[in-house]
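The two complexes that follow have subunit A in common; it is paired with subunit B in the first and with subunit C in the second.
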Partner chain A sequence: MEINDLVYQSAIIIIGLTAVCASLGVILCSSPIYSALYLIGNMVCLAMLYLLYHAEFIAAVQIIVYAGAVMILFLFIIALLGGKKELQEHTLQRTIAFGFAGLLFGELLLAATVGVTKPIEGIFDPVNLKVIGGAKAIGLTLYSKHLVPFELASILLLVATIGVICLAKFPLKQIKKSLNS
Partner chain B sequence: MIDWVFDFISDNAGIIIGCIKAVVVAIVLLQCVPFLVWLERRLMGRFQVRLGPNRVGPFGLIQPIADSIKLLFKESIITNSADKFLFHLAPAIVVFTAIVSFSAIPFGEPVTIFGQTFGLWVANLDIGLLFVFAVSSMGIYGMVLGGLASNNKYSLMGGLRSAAQMISYELTLGLSALGVIVMTGSLNLSDMVKAQETIPNIIIQPLGFLLFFIAGVAETNRAPFDLPEAEQELVAGFHTEYSGMKFAMFFMGEYINMITMSALVTLLFLGGWNSYGLPLFPILAFAGKVFFLLCVFIWLRSTFPRIRYDRLMTFGWKVLLPLSLLNLLFYGFIKAL
Partner chain C sequence: MGNEFVLIISASIFCIGATGFLIRKNPLVMFMSLELMLNAVNFLLVGYSHFLKSLDGQIFALIVMTVAAAEVVVGLGIILTIFRTRHELNVDEIDALKG
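Let's turn to the complex of A and B:
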């Protein structure tokens, strides 16, 4: 059991560190293709972390939706526009961004002074934790407790989809004309 | 010392057995590829009333080994303008995701040997089906990156086509599988097989089976949906610039995906390892069904002409998707009753 625990903990640390490195790569890389690839790596690392915390369903959804579908569209755009390397130049924005990043890092360091972290309480006890990440548990809460917000969100997404198709397919004048008549 | 080793083995038997199973399945899967290539060439020969490879070894069985030796010794050409890293990464992604997606596929009931119960699977996940979809959707990156890294217009078009095609047909694939999930109430693949002990799903959901199979053929980029690698118009698409073993790796990925897709169809619709009265070992029943489906894949290739690209998209979005939504609605309705 000791070895299992050690492997488990070290896996979490290694994957977490990889995720941090990948997210650094996203902003530090000058080639857009590699940036997108780092982002995919970061998302896969997050999915693995979810998996290690027994949230299997979320992990699968993370990979299918973000790493599988969203990022493919990113790559599509980059491929069609031609991924040229960006020129690095020092501007005022860059200095401000560095200052902001430093501030955020300082705030993160402050978090270390909070003290010993406590396990989450409530329904997240060790027995429930094995079940709670499964598709069944998520489905039950989503379709009973949070049914109305869930349906509203889905309607919002539908409206957005139709809007995108309208904007892409027809020129704006035509839509205005059909609305007036 | 010896005691310590034995203690270690008995304490961590689960992990060790898991590792061994993973290695065995990966190796067997890779060994299936040359056989499948041989099967495809032989069967295609018969379909076209010719002999097919029959000179090297009995029935030409050693032909794939000769071919792979040839591929290993070929010069690996990389064009100057190509992105070296991505160029090497792309075929690796294709093979890796193909092998990993097979790991969630069970091929038999648990068997008991020496008092130990072995599940005939690498991992029996509760989200088995979602895992397979998730990992196989990552395989698209291999093709897109292959097209991008080659720095060649035809390859880029091939990569983009393959991505568009796979995203479109993934929807139909998922929605037609949802019909089965709704009726079974589980994402676990071995639960789905258990639910089909009396009748296979193909009899209950014939439309779902048809949709899933068509989408599956499109997902694996097989003819008649092999637009990404259309030889005449795209000069073999995303792998134009590849040669030698890296070229072969794309094919390995394609054939392993074919096996995975056949296994998924078997598990979801043909009753998995249930043999329905025939005196067969469960694993043989499963293998037989997968083999039959693989032959159907090859049969389709030699029967149908390639679809035009816009027709392919129209077919996916305007025919298959509405049909699969209707299918899902119908079985949701039945389940609710």
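Let's turn to the complex of A and C:
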């Protein structure tokens, strides 16, 4: 039991640090295609962390929706628009941005370590905890307690679909011209 | 060890994403930094759902993923349209709306 707990904790630490390194790779690579690949690595690391925190359904959704669908879309767009390298020169704005981010990180760390962050006991007992992250428990909660956000999310997806069709379509005249010629 | 680790990792990924959004000039990489920030928040929600033994955080993470997917699709559509009209992918050059 002791060894198991040690392995569990060290796995969480190693995967968390890998996720941070992968996210550093996203913003430091000058070619967008490498950034996208690092982002896939980061998302897979986060999915593994979700698995370790007993959130199996969210881990599956993370892999399918994020690392699958969204990143495929990104890679298609990069392949379409040409992933040109951008040269990274040091300007004043860049220094200000780094200072701002450092300040933000310090503030977040301060808020996280000084404030009251002790876990509060929830409504689920440890026996029940084993089945929490599964699809059944999520579905039961989603369709009873959180029904309204769920329906609103479906409307949001519909609006996004119609909006992106309106945005990305060619003008009708152009299509007719290309068909006639 | 435990919830502090989740807070620190999540804060680092969020700050890295914010830095990337500020320092990069390619709109695609800026969108990826945005995804990083959303992922950091998702990780915090799922981790705390584990520590508080409640499912609400996971439901919230699911909704955030839906919003992120919709946002990425619309944003990439806008980037594609801008590229089609201007043949330019540098956010410093795309300033036609500037006063």
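Following the convention adopted for this analysis, the second predicted complex is superposed on the first by the 156 of 181 C-alpha atoms of A that agree within 3 Å, B and C clash if a C-alpha of one lies under 4 Å from a C-alpha of the other, contacts with A are read in each partner's own complex, and residues count from 1 in each chain.
The rule is simple: a residue touches a chain if its C-beta (ideal position, glycine included) is under 8 Å from a C-beta of that chain, and two chains touch if they have at least 3 such contacts.
Since we're looking at a predicted model, the values are computed, not measured.
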>> Based on the shared subunit A superposition, would you classify subunit B and subunit C as clashing or fitting together?
In response: fit
> Between subunit B (first) and subunit C (second), which, if any, makes contact with A:Ala69: first, second, both or neither?
Replying inline: both
>> Quick check on the superposed pair: does A:Phe57 touch subunit B, subunit C, both, or neither? Answer first, second, both or neither.
In response: both
> Which partner does A:Glu151 reach: the first (subunit B), the second (subunit C), both, or neither?
Replying inline: neither
>> Counting residues of subunit A touched by each partner, does subunit B or subunit C come out ahead?
In response: C
>> Looking at A:Leu80 after the superposition, I want to know if it touches subunit B, subunit C, both of them or none. Which is it: first, second, both, neither?
In response: both
> Can you give the closest approach of subunit B to subunit C, taken over C-alpha atoms and in whole Å, for the superposition?
Replying inline: 14
> In the superposed arrangement, what residues of subunit A touch both subunit B and subunit C?
Replying inline: 57, 61, 69, 78, 80
>> Residue numbers of subunit C touching subunit A in their complex, please.
In response: 1-5, 7-9, 11-20, 22-26, 28-29, 31-33, 35-36, 39, 42-43, 46-47, 49-56, 58-59, 61-63, 65-74, 76-81, 83, 89-90
>> List the residues on subunit A that touch subunit C in their complex, please.
In response: 9, 12-13, 16-17, 19-20, 23-24, 26-27, 32, 35-36, 39, 42-43, 46, 49-50, 53-55, 57-58, 61-62, 65-66, 69-70, 73-74, 77-78, 80-81, 84, 86, 88, 93-94, 97-98, 100-102, 104-105, 108-109, 112-113, 117-124, 129, 132-133, 137-138, 141-142, 145-146, 149-150, 153, 156-157, 159-161, 163-164, 167-168
> Tell me, which parts of subunit A touch subunit B in their complex?
Replying inline: 1, 3-4, 33, 37, 40, 44, 56-57, 59-61, 63-64, 67-69, 72, 75-76, 78-80, 83, 134-135
> Residues of subunit B touching subunit A in their complex?
Replying inline: 11-12, 15, 83, 86, 125-127, 130-131, 133-135, 137-138, 140-141, 144-145, 147-148, 156, 159-160, 163-164, 167, 187
